[in-house]
Each structure stands twice: as structure tokens, then as C-alpha cells.
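Dropping the structures in below, format is C-alpha cells.
Presented sequentially are two complexes of chain A, the first with chain B as partner and the second with chain C.
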Partner chain A sequence: MKKNAVHLSSLREFVMLIILLIMVGILSLLSPAFARLNNFINIFKQTAINGILAVGMGCVILTGGFDLSVGSIVGLSGVVAALLAQGNTPIIIPILSAIGIGGVAGLLNGTLVSYLGIPAFVVTLGTQNFIRGLAYIISGGRPVFGVSRAYEQIAGMNIFGQVPLLVVYYLVIVAAFAFILQKTVYGRHIYLVGGNAEAARVSGINVKDVKLSVYMIAGLLAGIAGMLLTSRTVSGSPITGSGYELDAIAAVVIGGFSLSGGVGKWYGMLIGALVLSVLSNGLDILGVASYYQYLIKGIIMVGAVYIDVRGRARMQ
Partner chain B sequence: MADYLLELQGITKSFSGNRVLDDVTLRVLPGKVHALIGENGAGKSTLMKILMGIYSANAGNIVLDGQQVHIGGPRQALDLGVQMIHQELSPVLDMTIAENVFAGVEETKKCLGIFRIVDRKRMDKEAADALAQVGLHFAPAKRMRELSIAQMQMVEIAKAISRKAKLIVMDEPTSALTEKETDILFDKIRALRDKGVSIIYISHKLEEISEISDMVSILRDGRMIETRPTKGVRREYLISRMVGRELTNFYPKREVPIGEVLFEARGIGWKNRVKDVSFSLRRGEILGVAGLVGAGRSETMSALFGVLRRDAGDVYLNGRKADIKKPSQAVARGMAYITEDRKATGLNLIASIKHNITSVYLRLFTRRRLINEKNEQNAADKYIQMLKIRTESREKRVQLLSGGNQQKVAIAKWLAGDPDIVIMDEPTRGIDVGSKYDIYALMGELAARGKAIIMVSSEMPELMGMADRIMVLADSRVSGFVERKDFNQEKILGLQFV
Partner chain C sequence: MKRMVALFLTLCLILMSGVVLAQTETPVFTFCISHMTNAFTVTAAEAMTAAAEAAGAKMTVVEAAQDINKQVSQIEMAVNTSDVIIIEPVSTDGVLAAVSAAMEAGVPVVIFNQAISDPSRASTFCGVSNADLGYMQMKRAIEDMGGSGSVALLLGPLGSDGQLGRSAGYKRAIDETNGAVTIAFEETANWTTEEALVLAENWLQTGIEIDAFVCQNDGMAMGAVKATEDKNLKIKCYGLDATDDALRAVKEGRLELSVSQNTEAQAQASVDSAMKLWAGEEVPSEILAEGLIIDASNVDEFLK
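So, the complex of A and B:
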């Protein structure tokens, strides 16, 4: 019975981990190119940007909200970072600007949702457009090139021979949030607010601040993602990041998060993001056209939730 | 055999290896009110869910009118003339009465020869007829939202009538009703019975059972203990059969020394619902708060705790004015608030017992500001044991517990911080006799340790059994205080109707 209770709460993560391993197994059999260490590192590299966004999205979804503006934040912070990372400007300036933009955008989202009580869907759809507009205006609608060599190194460099720094950033962020969500009082409060906001309030928790803070987190991480993406692609484009918010949502949902809040584990965010990138990496290697990849992604996401729903029904 | 309208024969049901119903047989005669009683967790709800086809039994038969039937879901139950009125009504508030009555079985007519469209006129007329039968004369086009809970319940009964139900299951139908509304409900139940409709009546209120029912069946721990005519049965007997032990002193009131004034409210006001409420509270004292539904009892408590932002009055702790404008300030000053509705405002239902118990004072379970798993486990185990919470594991989701055990978790989460002032709003609502007893015992224990307790309750015996003093609210104001030595049901009731 005790075992049941534990399994029940992490059933979807468990199922998705199995599916992930099966996918890796099949792809390895089908293509020797897939199973190379190099390619695994590559998969993590491809996961990093969406994975970082998924961490922020996961925090927001844990409180029962969600954030449609993170893709636009990636675009705006990326463009600004590219504009500031020219010539000999110290790289700290574009880095802090990009992160700052993310923080301000998150603060705006959080304030509108939490203190003014506007539904998260409406707020973040609004800021998605607004922030995208700013990215176009600032860049004049054109991609920004000419990023300095030093800036390029932020995400482009490898350490220990072949480990990309991008992967290190990603794993550090995942580890930090694993720690926050599991070990800190604040992390537990995020779950409680998502589980029952009214009970949280009666218990003396400042529900509004908790809600505001998760949008801040999502914004800051989106700012970081934009900054890293600019470094990786050596340019900042105003259209970058559009649709990323939905990939981030897909990752956390596949990873076992409940859209009504209060349910989800840190490793679910990791597994969900990996499932998506293993899929596109593997299918690329197999030469499956990206059009078909969309179909498969859709099926996986709905299927994952279905397995979970069925599993829970059977266990009760 | 066909004398019975319904026979549930040898019903057995297990959930993940846990047997919740064991060979239960229940026989209901036509045209009778058949009460079903038992502690929470005894299996009443499960049995009714099997009857309604929500769960399927592992073993046993359902025989209706002498015919063995298979009920695959509520819709099928409905077609067979079996209807359930749930404890928590779930009408669609923004639809009309007629639309609610016909939800799922809408009357239709042909349009243009091909389409079937909803026949609103006929639905309105039939709904009005059904309403008239329960003595309601509302326009069927009225929105559900405009009705009181009692009226919604009447609409549910009208719905059952309109669907020609032979058997109606009522689960705690009076839990949100006033006495007057209860009387009206009972009249309707008798009228239905006289028409030959049978009613399975589930309630924790034993006075009601003896008033309304013809037969009574007692479930305990998933077994049918006894079925007998209600006439002449003593309340103490029913209780002893339900819990399997004699309760010699149902209210374990302890005489404890009453100390100095700990808490004082002066001139509390909130909108039109709380007006000029003042009282004081001493160490070791249990202050009962009585009043009719709508008198402003819960609103007063919420205003004291800062859940509602009061617009008049002050709170004093130890004689000094305390700045309590939001719940966090109340918590920080040693106050606890066990709210009226454990599901809406008390518990995180999707989280474990452990996480709920440590949720209010999580900082107490940290070491160097990080949550300490061991401390949390110890605290959870301690309160599970202390409050006799029935569970196999501290990791079990609160959602899966019975009402009484959920309530104990809702209380336990506040005890962890050892608060001085404990507000309990309807602490025993909808829970079984055994759990009630445990909670009363706990209140006595807290009082003995010098805590001050405010107990809001709609149950007069409970207030008179446990309180040292009762404050009566009527129409948003304090209408009087009664000391324990002067406790008298008529007097307290009289103050409620000012």
C-alpha cells in the first residue's frame, strides 16, 4: 500500500522514463549514428534551451498558472543581447541586460496575474504580443549580426574536451530547481499554492507573492535562454523563440505535471524535455521529414497524458 | 422475495486489496424510509456508489423488483428508477431550474422535419408540475443561482419525481439546512413515501433518523451489523452498534482551571455580515459560538483571523492591541484557524498526509533553512498516532481518506505549531461518531494545557457538551452569552431567533 501511494504520485514520470529508454533503444538499433556518445551530448545540447524554458514553465504550472510569453522573451532578450554584444563591449553587459529583460517581463506578468487578478492566459497572451512587438521595433525587424567572439564563447565553448558549456548551464539550472522545489520552504509553498491556494492563504502563506515569483522565475530563465541562444547562433533575430512556450508546456506535461497545479517533479521536467529532443534528433538521423515529426510529437504528448489518466483510474 | 423493492445481496468490494465492503446485504421495502448509518469509512458511500453503478462490486447481486439487474452507471440507475441526491449538490448554477431538472434527459421536438431540437416549452411545463408536487412555485425559467441550498435540494427531489424514481438515495440531505427547512424536507419525504417511493436516507444526525425513518441499517467496518425497525430504538443503542462500544460519556468535557484573558475582540465589523462583535477569551476556556446559518459566525472568525479584511474593530492579545490584518500575522501570533470547509480552505487534497500536516509551520521542520525529511516524518507519525488518523501510510494522499480522517489532518496541521488560540469552525461536520469523540477529547486536552478555544457549531448538543460559555450570534450581531451553568437548549435557541 505504501508502495502504491509512492507509485501513484510519480506514475507518469516513471512511464515516460521507460518510454524514453525504449525510444533510445529503438533508435540505437536503427541507426549506429544515434548511439554515439557524441550524439548523446548533442541531444543534451539540443535540449538545453527548451529544457531551461521548461524549468520556468514547470514552476508556473505547479502553481496552477502558465506562461505563453516566454518565447517572446527569448526573442527580445536575444535581440537586445546581440545589439549589446558588439565589438569590445564587456560580455557582462549583454548578459545582464538579457536576464534583466526577462526579469522585468516576468515581474510584469506576475503583477498582472497575481495582484490585478487577470487570468494568466489573457495576460501572457497579451505580453507575448507586446514583447514580440518590442523585439521587432528594437531590431528594426532584421536579424542582428556581428556578435563578438567573446560572447560567442558563452554557449559555444566546450569544457573537459567535449562537454558543451550549454549543457552544463542546463544541468546546473535543473539541479538548482530540483533543490529549490524539494528542499526549501519556498518550493513547498509553490506546491501548496497550486494544490489549494485558499488553504495556503489561511495557513499564512502570501499566495500573491508566490504566484508573482514563479512568473519572475519563468521570465528570468527565458532571458537566460535568449541570451544563450544568441550566443549559440551568433545572432539575434526578432522572430526567434516563437512557439517555444508551447514546446516548454509540452515538455512539462509529458513529464507528468498537472495543468491544474500542485503536481509535478523536477525530474519530470528533465525527462519531458529529453523525450522531445530525443525524438527530433532520432527522427532527423533516420531522415524523417520534420513535417512527420510534428505528428509524432502530438501523439506522444496526448498519449502520455492518456497513459497517466488510465493508470490512475486503475489504481483507485 | 419480490416483497422487497431493492435487495443488495452479499456485496463485496475491495480497493487495492483493502476490503471496504464485506458480504453486505441490504433489503429495502417499497414505500419505506430506510436509514443507513455508520461511521465515516464504514462503507455507506461505497455501497451507494455500487447501487448507482459508479463502482462495480467484486461480488454480490443487485435485485430490483425481484429482477436481478446490472447497473453500469448513474444513467442506467436512473432508467431503472433509482436516483441519488448527493450531499454536495452540483447544479449548473447559470442554467434554469427546468434545464437542471432535465439535464441529460432533455425533451426534444422535431424541427423542419429533420433536426431534433430542445423543447423548452414542454420542459418548462413539466418542470413546473414537478416543482408544484414538492410545493415549490418558482418560475422554471429562474436561474439555479438565485435559489437557497434548501430550495436546490427541493429541485433535486422534483427532478427525481419527474423521472418517476422508485427509489431515492439521500446522502446527508440536511447538513446545510436550517431546522425549518429540515421540517419542510421531511414533509416531502413523507409525501413521497406515501406514494410508494422508497428512500434510503443516510445521515449522522440520529434525531433525524428516529424522526423520519421506518427501518434502520447499521454498517460498521464494511459489514452489515443489523437491520431493524426504527420504532422504539434508543439513540445510545444505535451509537453503540455503530462504534461497537458503549459510549458512557459522549462529551469528554474536562474541568480545567480558567486562566487570564488571552484574546479579546472589540467591535469587529465586516461589510453587512458582521456587526460590532466583541468578546473575550481566557486560557483553558472553550467558547462556543452558536447561531443560525447566515448569522455571520464563519465571517466573524474569518475577520478575526484576517482572512476577510475587517472594516471595523480591533483584536487584543494578552491585553495589547495586535496588528492582525492578514492570516500570516495571525499565525505568527499563535492563532490557529480550522476552517469550516476542509476541502475548500483546509487541505491540499492532492498532497500527502505528511505534507499537509507540516504545511503551516514548515519552518519548524527545517534544519539550516532546508526541509528535513526525518523531522517531517516524525511529526507526521506523531499526529497520525495522536489523532488516531486511520491510514496505512503517512504518504497517502489526503483525498483518499474518509471525511473524519481528513478533518483530523486539517486539525493536525495546526497543532504542529502549538498555537495558543485555536478557532474551530464546525470541527465535526459530516464526520463519524468515533472521530467526533477523538476531536472532543483533543479539545479537552488543549484546554487543559491552557489553550483558548473558539468552537463554532450548528450542533446544539455538541456546543452544550463541550463549551464553558456560548456566544450566540443572530443577524450579524452578538445576541447574548450563556454560561455553562445556565445552559439550556430553549434559551440558546431563543437567542438565535432575535
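So, the complex of A and C:
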């Protein structure tokens, strides 16, 4: 019984891993430029921002929640980081400010959802607007430029010759959450709260605190993503991040997470985010217009969930 | 009771006539802007307010957050509160009915920056020809390449007025080379630096030769600059809009040039036209500002 359940939950990740490999294979055949090592580094670079958001979104979705505000947090923390990263200011100030903003926003979401009992969809739709508004007000509606060279290096610097730090941060974050979700008591609590909140409560888990904490995780990671995006684009714009929450949701859903909570593995978040960026990277290289890219993304997302649903039905 | 109502109504009438009289003393203009979320629109709103103040008019700025429905409501509202309405349309077709309604109600309408699909419905259009801006920019890029080569184009949102006009200008300049200049890549980055950066990275990855990145705004041009610098490539990038950041990049030699659409001149023309319309004078149906190329030779004049 238990063994069977493990099989079921990892089926979609497995299917998506195969789809990812097939995609890489086809794109490599179609374009030699795709299969080069530096393009794979490119792909990880282009996955990093959405991938980091997907990790936070994954944690929230594991508890059966939802966070629509992460895109706005990226915008606000990015703008603030850009404003503080001018001239000779030590880069630690914008870094900590951006992460702090993410944390406070996450705390706000978490408190409203967990302790005031307002539905997550409503809360985070509200904070999405509120935080976006703050980003506009603080920046006066203009993109912020003049980010220092030192700040640009945060995401832009390469190590081991040609691996950008941006990729390293992403992989470190994924590894950290793989450990937290798989190996810690707290990680098990996240799954339990999402799988069956009532049972979790009865067994002595503080469900409210666990729920609050995952929104904080999502907020902190969105703050980090905003800080890194500002470094990568050497500017902070108040519109940055619009719609990123949906890309993050798409990544975790493709990666095998159930929107009703309790189901999903750390590597699913990685695979899901990679599927999306391999697709857009490969199609850009092949010169496919972005309109068709939307079509293909939509088909892959619904198709992935369909294969999964059918697979489960057969196994039962 | 009836007398009270009558007295109240009379008072209201007196007050309203007072308002009407006050309105005719200083002109009241409303500037309906599509959104206030990028450098261009914020500059436009500031330039408009400053020009109105200098002309002794009162200017109210309302923004529609890119929502045509909201803008139509704002125009309808402005008909009751303003002597002249200046509109930067969210959609070139979507505002037509509201423009006609305002004109029929006797409130002149000045269209700013983006022409509406039927210009005859408004009093005048004050803007710049996007096709000319695109042509100027592409012409210089082609000259810098020595007349032949391949270009990569980063476009605005497909179907937007700016994109269509600027692309038409590109086409005109490229067609004049009789095939010596080809388009290696062409895609929208929706005016954003992030999308432009990713596209440029992916294009450079293909190994297909690119002699120049020609971009329909500065934000996207800065994305292309970043992508080429990350790869240590020397490919010239061309911007448009003359934002402060782009001008600094021109000064530092990272960006080849930017084309200014002369927002201040467009705003000034709009306010001048509004003042004339308010005074009952005739205005031409179209007033176009000249685009300006800002490169290393003249960037110091524009850098604030």
C-alpha cells in the first residue's frame, strides 16, 4: 500500500523527466547550437529566477495554499534593491533590504491566511495589488538605473570559468529545500499539513505556524529572486515580475505537484522549471515566434497533468 | 417644503454658474494617459503639466492602467470637467466613440503621441512619426555596418502603434539596401529588459552572424547590451527613447545611440493646441515633432 503510494506520487515527475529528455533530444537534433555546453549553462541561468520562485511556490502548494503575490514581491524588492545599490553603497544593504521586504510580505500573507482565516487566493490577490502599488509609488513609475558594478557582479560573476553565480544560487536553494523537505521533521510537517490538515492537527503539529512559515519562505525566496533579477538586468523596474507567479505555478504543476496539497517532490520543482525554460530557449534558437511558444506551453502543461491523471487511474 | 426645494435648487444653479464662470477664466485641461508605469509616460505627464502651468492653464492627469474601459470612463468624466481633453490612447480604436462623444459635447480633443485609427474624429494629433524614428535609427545602423550585414530586431508588443510604425520604418530602410541587409532574428520582447536579455542570449547562442541589435526602445537595447557584454562580443546596439540610463550607456560607449522622440516637444505642441482650441482658434490636424539622434557626438547636451 505504502509502496504503491510512493509510485503514484512520483509518476508525474518521472513522466516529465522523460518529456524533458525527449525535448532536449529533439532540440539538439534540430539545432547544433542548442546542444552546446554553454547553452545548457544559459538554460540554467534563464531558469534561475522562475526556479527560485517555483521552490517557494512549491512549499506553499504542498500545504494546499497558493501565493499570487510573488511576482509583485519580485517587482518591489527589485526596485528597492536598485534604489539602494547606487554608487558606493555596500552591496549588503540592498541585498538584505530586498530579502527583508520579501520576508515581511510573506509574514503578512501568512498571518492573513493562517491566523485570520482569509482564503489564500483572496489574500494574495490583494497583496499582489498592494505590493505592486508600493513598487510604483517608491519608484515613481520609472525603472531605476545606476546600479553599481559591484551589485551587478552578484548575479553576473562567473566561477569555474563560465558558471554564473546566478546558477550556483539556484542550485544551492534547490539543494537546501531538497534537504528540508526530505530529511527534516519540519519538511514532513509541510507534507502532513497539506495531505490532511485535521490529522496533522490531532497529531500535535501546529498547523497555523506551518502554514504561516511557507508563505514566509515564498516571500523570502521572491525577495531573493527580485534582488538577483535586478543584478542580472542591471536595473529595477516596477512592472518587473508581472505574471511570474503563474510561471512558478506552471513549473510546480508540470513538476507533479497537486494543487490540493500534500503531493510533490523537490526534483519536480526543478524539472518543471527546466521544462519551461528549455522550451523557450530551444524555440528561440529555432526561431519559432513567441505566439506559437504560448500554444506549445499550454499544450505541455495540460498534457502533463492528463498523462498523470490517466496513469493514476490505470494503476488503480 | 416646496419653497425649501426651490431655494435649494436656486442655490445649486448659482453655484454651478459660478463654477462655469470660473472655468472660463483659466482653462482646465485633462490629460488622459494610458498608464504611468514607464519612463516615457511619466516624462510625458510631467512635461504636459509643466507646459500647462507655463501657459497658465490647469492640468489634471488621469491614468487608465492600460485598461481601455477605464480610459473611456475617464474621457466621459473629463467631458464634464474640462475645456479641452488631451488623450494618449490605450487603444487606437477603442477610444473612437468616446472621442466623438466629447467632440459632440463641444469639448475639443487633442490626441497625443499615438494616432487614433480615424484621426478626423479629434481636433488634432500631436505626436511623432514612429516610422520616421524607426527609419532614422535603422538608417544609422546600416551606415555603421558599411551598407551590408545582418541585423537582429527586438520589437515592442506586436500590434502596438509604436511597434507597427517603427517596424515600418525599419522595413523602409532595409528595403533601400536592395537585399544587402538581412534580418537574422526578429521577435518581441514587450519593451522589457529581461525578455530582451533572454532573447539576445539565445540568438547569440545560435552562432548565426549578427552585426547589430536594433531595438525599438532603450530598455530592450540595454538587455541586448548586457547579453553581448556577458559574451565579450562587440556588437553594436541601437536604442530608442533616450532614457537617462541609455544616454549614460551612450556616453560610456556601450550603446551606439538612442533616438529621442522629443517627448517635451510633443507635450508642448499638445498644450499649445489646447490653448488655441480653448480660445476658439483653428489648429492644424496634425503636428509632428522631429526625432533626434543622440550619439557620442552630442550626448553631453542631453545627459542630465
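Note that in this section the second predicted complex is superposed on the first by the 310 of 316 C-alpha atoms of A that agree within 3 Å, B and C clash if a C-alpha of one lies under 4 Å from a C-alpha of the other, contacts with A are read in each partner's own complex, and residues count from 1 in each chain.
The rule is short, and it goes like this: a residue touches a chain if its C-beta (ideal position, glycine included) is under 8 Å from a C-beta of that chain, and two chains touch if they have at least 3 such contacts.
These numbers were taken from a predicted model, which means no experiment stands behind them.
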Checklist entry - Based on the superposition on chain A, does the combination of chain B and chain C result in a clash or a fit? => result fit
Item to check | Partner chain in contact with A:185 - chain B first, chain C second, else both or neither | outcome: first
Checklist outcome for this item: In degrees, rounded to a multiple of 10, the angle chain B-chain A-chain C between CA centres equals 130
Next on the checklist: One more residue to check, A:36. First (chain B), second (chain C), both or neither?
Outcome noted: second
Next on the checklist: By the touch definition at the top of the document, which applies to A:199: first (chain B), second (chain C), both, or neither?
Outcome noted: first
Item to check | Which superposed partner A:122 touches (first chain B, second chain C, both, neither) | outcome: neither
Checklist entry - Once both structures are aligned on chain A, how many angstrom separate the closest C-alpha atoms of chain B and chain C? => result 34
Checklist entry - Once the two structures are fitted together, what part of chain A is touched by chain B and by chain C alike? => result none
Next on the checklist: If we count contacts the way the header does, which residues on chain A are in touch with chain B in the complex?
Outcome noted: 1-2, 4-6, 8-9, 182-185, 188-189, 191-192, 195-196, 198-206, 258, 262-263, 315-316
Checklist entry - Residues of chain A touching chain C in their complex? => result 31, 33-34, 36, 38-39, 42, 45-46, 136, 140-143, 145-146, 156, 229, 232-235, 237-240, 280-281, 284-285, 287, 289-291
Item to check | In the complex with chain A, residue positions of chain B that touch it | outcome: 15-18, 305, 307, 326-332, 337, 339, 344-352, 355, 359-360, 362-363, 366, 369-371, 392-393, 395-397, 400, 413
Checklist outcome for this item: Listed in rising order, the residues of chain C that touch chain A in the complex are 36-39, 41-42, 158, 185, 187-188, 192-194, 197-199, 201-203, 205-207, 219, 222-223, 226, 230, 243-245, 248
